[in-house]
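Structures follow.
Look for chain A in each of the two complexes below; its partner is chain B in the first and chain C in the second.
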Partner chain A sequence: MATTRILEWLGRFYVVLLLGFLYLPIIIMGAMSFNASPFYQLPFEWTTDWYASLWQNDQLIAATRNSIEIAVITTIISTALGSMASLALYRYEFRGKKVLQALLFPPIAIPWLITGTAMLIFFFGVGIGRGLIAILLGHVALALPYVIVVVSARLQTFAPELEEAARSLGANQWQVTMRVTLPWIMPGVIAGGLFAFAVSFDQFVVSYFLSTPGQTTLPVEIYAAIRKGFTPEINAVSTIIIVVSMGLMLLTARFFKFGGEK
Partner chain B sequence: MAGVQVANVSRSFGAMKALDDVSIDFADGGFYALLGPSGSGKTTLLRQIAGFDFPDAGRIAIGGESVERVPVEKRRIGMVFQNYALFPNMSVADNVAFGLSVRGEAKATIAAEVQRALDLVQLGKLGGRRPHQLSGGQRQRVALARAIVTKPRVLLLDEPLGALDKALRVDMQIELKRIQREIGITTIFVTHDQEEALTMSDRIGILRDGRLVQEGPPEEIYDRPQSEFAATFLGDANIFRGDATGSGIRLQDGTTINAASGASVPAGAKASCAVRPERIQISTGSAKPDRVDANTLEGKVSKRIFAGNSSTYFVDREGQTLKVIVQNTGAERLAEGEPVMLSWSPDSTVLIAA
Partner chain C sequence: MADQLATGSRRGLRPALPLLLPAYLWLTVAIFLPLSAMVFFSFMTDLPLAGKEWAFTLGNYAAFFSQSLYSTLLFASLRLGLEVTLWCVVIGYPAAYVLAKVLKGRSREAIFLLVILPFWSNGLVRIFSWAMVLREGGILDTALNAVLPFKINIDLMYSYPAVIIGLVHSYVPYMVLTCYLTLQAIDDSLIEAGRSLGASRRQVLRRVIIPLSMPGLIAGSALIFVPVVGSFMEPRILGGRTGTFYGTVIEDQFVAVFNWPLGAALSFILLAVVLIILALAAPVLRRAG
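Presenting the complex of A and B:
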């Protein structure tokens, strides 16, 4: 009995340690965004000045808007293209399918630094150059493999008889897809969309290569700001982002019961 | 409603001939079983009739209209799948409504038709449930309701009862038959269960290696099998092989076996005789057979299996083990090791060309 209790305590201790490791830096950053001292000095003195001054920082606001816009558009484009690609790979047999499938995944393993350099050279070569369009194209390319992996994984659990049953009842290809296949893979599509959003919104390396001083995203802007000199405004904007993105994650997890779905 | 004609249909997958020149005529309103071991082509044939796959050669007609190049969604068929294939994201009622809904029927019409179909399968009150809340038998009924609500020309069933346990399967056999009679739809169902094929269908087609071995009413196939395969696949049979005599065959040891029905084989050619285990009388010692031309053999009981209403005896003779089924009439049971006399009428013996 005593051993069981010790093990139980060890287990709890381990979980606390793990969560601390994951969340302590974030919590400290969040706390400091409400601390009056710009130099992380204690004692803690409550203030919301940094949030107030954040709204005055046009550059940071503009970068945030760019980031959100690019992330949303990236999510929409790559989720749609990626889901369609997954369906095509699932449904049809065609020449070169194996090669195509094999080639879809290595980009995930290629360091972003190298992908970024390659994209920069390529976009210059074809005349797109740098800027928001270049960043958007880059992000879509980065996000696509993730969407395809996640949606394809979900499709593996799909029973092909369901499509056959729908067809036998007179449904055309479009009706089959919209009313039978898509509802089944929806959790995968949502998860793929979240991945795409995260890949885009978190993206620093590729964005850094492809942005110009006026046209940039939040991570690049934060990096530039830190180089100039750290301000707690960065804590403030980071805290907002964390709250929003974690909320989004929890909400999705609640609605789509990741892992526990029947 | 319509009949289905399959004429000279062949289909290969790579080097494998899944269907080899198969022709069957399914009459309007009939209940057909396609019976065969796995890999015999029975499911391939069903999928050709459904339109999931097209034949390499041959013709398929539904209600006189050629459909061999018409895709499944335009064939107006109803199909029940082995694992039911109910849409998990829809309620029972929505599952049944699907076929009408994709056709763009009016909401009120759909609701009425769905209710009627659910009533027919005795699930009238379960329309609001989700498929995963139903038992296997209930899912089966939903799948059936969904397949017939669109008033298809033909109903196709792919091993529909395979996933159910035995007691439920017997219930569903009766139920399926009742519904089929009630709506009078041409029904073709694939099974590897010979008992199911015998009890349910008006006609049976036996397939083997992509070819149609024999086709006809269950009684005819059972009583007059045209091949050793048909004899042993549909029911049990004792097979004797020898040389044709004109009225039967002569075994290697000189014993003759007379057969009153079956193929006509020229004397001297190789042939076999089949006799069902329940047609053989078994007795001790040298009891007289009741006919002069009766077939008789001597042997020794090697094993007896008691099954309540009947006993199965395995009788060894000349390196062959014969199976005899005897009804439990209260008569004395024979012990293992006992020498016995087997006898049966030529009327119960079928001659089969080799």
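Presenting the complex of A and C:
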């Protein structure tokens, strides 16, 4: 019994170590964004200058605006299209349904390097070229499978008898969907939308291949800056991004348990 | 039975089509057609743009097989993928076990969320954060020199270990997630039965727990191995000059050298390798899921 106790405490200690490994670099990065030395020298001297100077950086602000706009539009389109597809996959039985479901995995499983370069080639070939439109096309495609998987998971908990009951009481298809099904799957739709926003807002690889100097997103702009050399300004903007994306995921966790207990 | 009745009346593709078409058309235009176009381009001498001359060729693939540089780099990337995956197993599996079998209730939920959270945050920024820790005069260097009585120089930045550390940091939550899901499904009474029949802790682990959680281990490994083999941003930022891998060479073809057909061929070879690996992992995953 005593050994079990000791082993359990060792296990807890180990998990704390893992959390340290996961979070310490991020915390240090954040701390350095408030340090006055431009070369990250210690001792630590408090400043918010690096955040203030972000506001002077027009390029960065333009990229931030692009990132937010693309993420919002991606969220709207992929949530709408993805929820519709999930409903169809849930409601109807037809040949080839398994194939359609299997087709959702290549966009998730194939490395973004391959998807991104393939999109670059194709969009160039058909005349769309690079730029914000191309990035948007790519982001929606990357987000769609996540939305469909999350909304479908929620639909699994929905009793089809409810739709039948509504129908037998005289509701038409539209009314059934809007008044019965949609309210039930709403948590799934919201979680799917938040996933879509995160996929788009944090996407680097695909955006990188599809952007041009004037039309770029925040992560691409940060990558370019990192390649030129590390500056506390990069720490500042990175800290903002990480706070936003983690906050977003905490919000998502309220609607979707990430496969944890029910 | 009720299920069958309810869905049985809704047969056929036609009523489903209006709901399905928009999403799948989008996927076709942005994923499936581009992947096909990439295959097509990989057999060309040049881009058929702006009236440039082009012809079909096997030259891009010949380049891969005749120049040992590309196959060497592919092997370097496969090795990187293997090493990162192994580290993720070693680090992630015990944590998943503690989460699934030791922690209970709200503390389990909270810690699970904390482990998963970084995974859904910005990958680029997390890689950059390691530069702060690993560079000379960085936190690791300063902290160790403050504690140790003798002077040592820690400058892991721009080295192979730095790339490994960054990638393990990026992907270990995946392993914790997939292993946690399978470990949680193991009935505690199975473990107790093994113990009460006289098996040691190690025997229970080897004969009961590890075999039953194998699907999670394999799923996690596939989900980590595949993107690591195709990684380029992580080696670029943390590896510096030592960070040349298969992925960075593909990146170069598209953003620096502008040899797109060769880039397409190299990408397609990577895709083939990836698909073979996923196909090998698929039977195990299907049995599990």
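As a convention for this text, the second predicted complex is superposed on the first by the 236 of 262 C-alpha atoms of A that agree within 3 Å, B and C clash if a C-alpha of one lies under 4 Å from a C-alpha of the other, contacts with A are read in each partner's own complex, and residues count from 1 in each chain.
In the analysis below, a residue touches a chain if its C-beta (ideal position, glycine included) is under 8 Å from a C-beta of that chain, and two chains touch if they have at least 3 such contacts.
Treat the numbers as computed from the prediction; the structure is a model and nothing was measured.
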Handout entry: Clash or fit (per the criteria above) of chain B with chain C on chain A
Key = fit
Practice task
Name the contact category of A:205: first (chain B only), second (chain C only), both, or neither.
Solution key: second
Exercise for the section: Check whether A:180 is in contact with chain B, with chain C, with both or with neither, and answer first, second, both or neither. Expected result: first
Practice task
Would you check which partner chain A:63 touches, where first means chain B only, second means chain C only, and both and neither mean what they say?
Solution key: neither
Exercise for the section: Look at A:166 in the shared chain and tell me whether it touches chain B only, chain C only, both, or neither; answer first, second, both or neither. Expected result: first
Practice task
Considering only the touch criterion stated at the top, classify A:135 as touching first (chain B), second (chain C), both, or neither.
Solution key: neither
Problem - More chain A residues in contact [chain B versus chain C] - result: C
Completion exercise
Smallest Cα to Cα distance in angstrom from chain B to chain C after superposition equals 6
Exercise for the section: Overlap the chain B and chain C contact sets on chain A and report the shared residues. Expected result: 161, 164
Problem - Parts of chain B lying in touch with chain A, wherever the complex brings them together - result: 50, 52, 71-74, 76-79, 81-83, 85-89, 98-99, 102-103, 132, 146-147, 150, 156
Handout entry: Sites on chain C touched by chain A in the complex
Key = 2-3, 6-8, 10-13, 15-17, 19-20, 22-24, 26-27, 29-35, 37-38, 41, 47-49, 91, 94-95, 97-99, 102-103, 109, 111-118, 120-126, 128-133, 137-139, 142, 169, 172-173, 176-177, 181, 184, 223, 226-227, 229-233, 236-237, 247, 250-251, 254-255, 260, 263-264, 267, 270-271, 274, 278
Fill in the blank from the handout: Residue set of chain A touching chain C in the complex reads 8, 11-12, 14-15, 18-19, 21-26, 28-29, 32, 40-42, 77, 81-82, 84-85, 87-89, 91-96, 100, 103, 106-107, 109-115, 117-125, 137-138, 140-141, 144-145, 148, 160-161, 163-164, 198, 201-202, 204-205, 208-209, 219, 222-223, 226-227, 230, 234-235, 238, 241-242, 245-246, 249-250, 252-253, 258-261
Practice task
Sort out for me which residues of chain A touch chain B in the complex.
Solution key: 159, 161-162, 164-172, 175, 179-180, 183-184, 262
